[in-house]
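Shared chain: chain A. Partners: chain B in the first complex, chain C in the second.
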Partner chain A sequence: MKSNLHILPSTTDLKIHLQTTDYGNFLNNQTNPLTVSKIDTEMRQKLCREFDYFRNHSLEPLSTFFTYMTCSYMIDNVILLMNGALQKKSVKEILVKCHPLGRFTEMEAVNIAETTSDLFNAVLVETPLAPFFQDCMSENTLDELNIELLRNKLYKSYLEAFYKFCKNHGDVTAEIMCPILEFEADRRAFIITLNSFGTELSKEDRETLYPTCGKLYPEGLRLLAQAEDFDQMKRVAEHYGVYKPLFDAVGGSGGKTLEDVFYEREVQMNVLAFNRQFHYGVFYAYVKLKEQEMRNIVWIAECISQRHRTKINSYIPIL
Partner chain B sequence: MSGKDRIEIFPSRMAQTIMKARLKGAQTGRNLLKKKSDALTLRFRQILKKIIETKMLMGEVMREAAFSLAEAKFTAGDFSTTVIQNVNKAQVKIRAKKDNVAGVTLPVFEHYHEGTDSYELTGLARGGEQLAKLKRNYAKAVELLVELASLQSSFLGLNVPLLISSQSWMRENEKSSIG
Partner chain C sequence: MAARDVRTELDSLILQLLADLEELEAKRAALNGRVEEGWLSLAQARYAMGVKSVGPLQYASRMEPQVCVCASEAPDGLQNLRVVRAGAQIPEEVGPREAALRRRKGPTKTPEPESTTAPQDPLNWFGILVPHSLRQAQASFRDGLQLAGDIATLQIRISWGQRICFPNFLQ
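Then we have the complex of A and B:
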């Protein structure tokens, strides 16, 4: 499908083309002009509907697995809501911007809190995110923490908890999910390191953000925390057979960034998840691959609408 | 020479000296008027040329910036709400100065940076590189916009004085060519 999407002249042609695929008539209720953000919102709603369908038909422990999957979106939504509540913005506006997969019942109650720790005690303690907050920090430090650091700390706890869950489940699920989650943890460590060069984030702070459930734990993470530029990071990666070829692929003729290379590897691993049967990893892989497909379609649509076709082929191909 | 322009004087040497002085004053005034009109026209043409160049460049820069926004969204996901919510103090500010061209004061804007980047850690876990590029592109666009604003307000400021001085010059020319 994607091979001929990039020759289309306009976004309405894109809509017609998408009708022939699995997406069907999801854009039928949209009036012209078709903007890229409308396409994005509609695709996300469709994915949410499919996800809810899976979830409603699931039993334990699959339903816990699904809850873990939604936690990452919940973390983003909570950060958004916290920020909005602290700045006294109206909750309704922010609710519209929240990711639908990360919905939880206490969302509207967020505006009753004055400070972050109030918010935690009143609202968040009921959500599945509570244990992640407790891992990271005590109540008092919650207020002073930079919002981005909070987001990353929560994500670290979440990833470690998810990894433990999959490992305890054992069986094929652990065989498929654990490498995927290890890669996610290491990827985060690398990207956080890369993006913290030249900012005010100290090395100790940086180290507290690395998830410990990956291959890099413990020596690699310690080495990474000391790294000061890209080459030092690359040398750390060279100790690990899996990551060396990834770092070597950066740059090159296509101008690939490290993030692109990581995205490709993630897609590869998710596709391989479908080769085994009777495990929960397929749901995770399905959602992640669907998200990547959404990102690709949005990218192509933006390139078409901005008439900037030179880089239209730099999406991440699936399969 | 029409009758109206005749000046009544008493024919004496002092009257002649006074008349010569008056003539010299009138000639100097006429030259100054020409100089003013020329200076304003020159400045006007310069500004116009720069405006055209800047506008062409603006088109390119805005296109580049919008595209880098799409790239950043591809890698980092949707960070627009985070950015809008964390808006605080402006980092780029404008100072207005006055410039003088042949007696006409024109406003000139120049930008300066103040404060730190409050979005330093946004995109820490994904898309940080693209976000940095995005910030640079849009900063360039803002600087170019400030320059364009400065040029356009000078343009408007010059317009009327230029018209007035060139009209006076032409009227002056007419009179002297008739007489």
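Then we have the complex of A and C:
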């Protein structure tokens, strides 16, 4: 399917082409002009319907596994609502753009919180996110920096809890999920470090955001916290056989960024999950690969609308 | 003799006009390039951060401008438009029309307290840890703004040149 998308002159043609795939008529209710944002929203809704179908047919402990999967989207929604409150946006406007997989009933009340303790005590204490607040409690007003710190600390706690759940479950699920989550933890450490260069985030604060369930813990994380530029980060990665080739692939003729290289690795690991049987990792891998497909379609749609035909092929193929 | 001087002057004006037109074309192409780069970098930022994380939800409906256009008079009497940071102290230019002498040191004034805080970087609307592509987008759009100011100045000069040159050329 992807090979034909690059010859499409407009996003309406993209819609027609997607009708011949599993996506079917998911864009039929959308009026013209078909924006990239609308395509993304409809794809998310479709994924959410599929996910709900899996979840409705699940028993414990798979149901808990599914709840863990939705937590990352919940964290994103909470941060979206809080940033929106800072910009004085109405709750309704933001709720429409929240990720459907991360919906929870207390969402509408998130914007009233002024500090993290408020947020926990008044809003999130009854939600699945409650256990992840242990390291985040503070009375500081939620400005941009504190919201960013909150996002990363919540995600760190979530990832470590999810990792522990999978490890305790054992069996093939642990064999598949633990390496995937270790990679996710290390990836976050690298990306946080890269994006923190030149910002007001101190090295000490940066270190508190690194998830500790990856291969980099503890030595790699300690070295990464001291890194001041990309080359120093690359030297840390060279100590690890898994990450050295990834960093070597950055740049080059294709102009790949570190994020691209990490997405490719994630796709490889998720595809391999389907080679084993009777484990929960296939559900996780399915959702993550679907997300990559959505990212690819959005990228192609952006290139079409911006008339950058030559860049269309910079997506990550899922083979 | 006088006619030859007029023709020489007309020739130099026309050459200046053509040079300005060439510069205008080049600057327009550069502006288009910067704006396209900026939009592509925004698309790359959306790829890394998520479509809903780089969009209208992240900025307020009312914003304080970070830059403004400053109009001043050039020595040849034409308007010069520059894009400057809002609130920046611009050194005063003494034009040829200023007949009176200026005092080097004005009467001592008590310094006014800073009424406004430093303007916030719009990059922070999207978070503190933003990907490199978003910073690149900001840099591209900033360059584009500078070019826009230069293009406006050039267009003023070209219109003036056209008004002067063509009627005289026909005589």
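One rule holds for everything that comes next: the second predicted complex is superposed on the first by the 291 of 319 C-alpha atoms of A that agree within 3 Å, B and C clash if a C-alpha of one lies under 4 Å from a C-alpha of the other, contacts with A are read in each partner's own complex, and residues count from 1 in each chain.
The rule is short, and it goes like this: a residue touches a chain if its C-beta (ideal position, glycine included) is under 8 Å from a C-beta of that chain, and two chains touch if they have at least 3 such contacts.
Predicted, not measured: the structure shown is a model, and the values here were computed from it.
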Superposition on chain A - do chain B and chain C clash or fit: clash
Chain B versus chain C as contact partner of A:45, first or second or both or neither: neither
Chain B versus chain C as contact partner of A:268, first or second or both or neither: neither
First, second, both or neither for A:192, with chain B first and chain C second: both
Contacts of A:302 with chain B and chain C, given as first, second, both or neither: both
Touching partner for A:35 - first (chain B), second (chain C), both, neither: neither
Chain B versus chain C as contact partner of A:21, first or second or both or neither: neither
Contacts of A:88 with chain B and chain C, given as first, second, both or neither: second
Clash-bearing segment of chain C, relative to chain B, as chosen among 2-10, 92-100 or 128-136: 128-136
Contacts on chain A seen with chain B and repeated with chain C across the two complexes: 40, 80, 83-84, 87, 89, 94, 97, 147-148, 151-152, 191-192, 194-196, 199-201, 257, 259, 295, 298-299, 302-303, 306, 308, 311
Complex contacts: residues of chain B adjacent to chain A: 63, 66-67, 70-71, 73-75, 78, 81-82, 85-86, 120-130
Chain A - residues contacting chain B, complex: 40, 79-80, 83-84, 87, 89, 94, 97, 146-149, 151-152, 155, 188, 191-192, 194-196, 199-201, 209, 257-260, 263, 295, 298-299, 302-303, 306, 308, 311, 315
Parts of chain A lying in touch with chain C, wherever the complex brings them together: 36-37, 40, 76, 80, 83-84, 87-89, 93-94, 97-99, 144-145, 147-148, 151-152, 191-192, 194-196, 199-201, 257, 259, 295, 298-299, 302-303, 306, 308, 311
Interface residues, chain C side, partner chain A - complex: 36, 39-40, 43-44, 46-48, 50-53, 55, 57-61, 124-125, 127-133
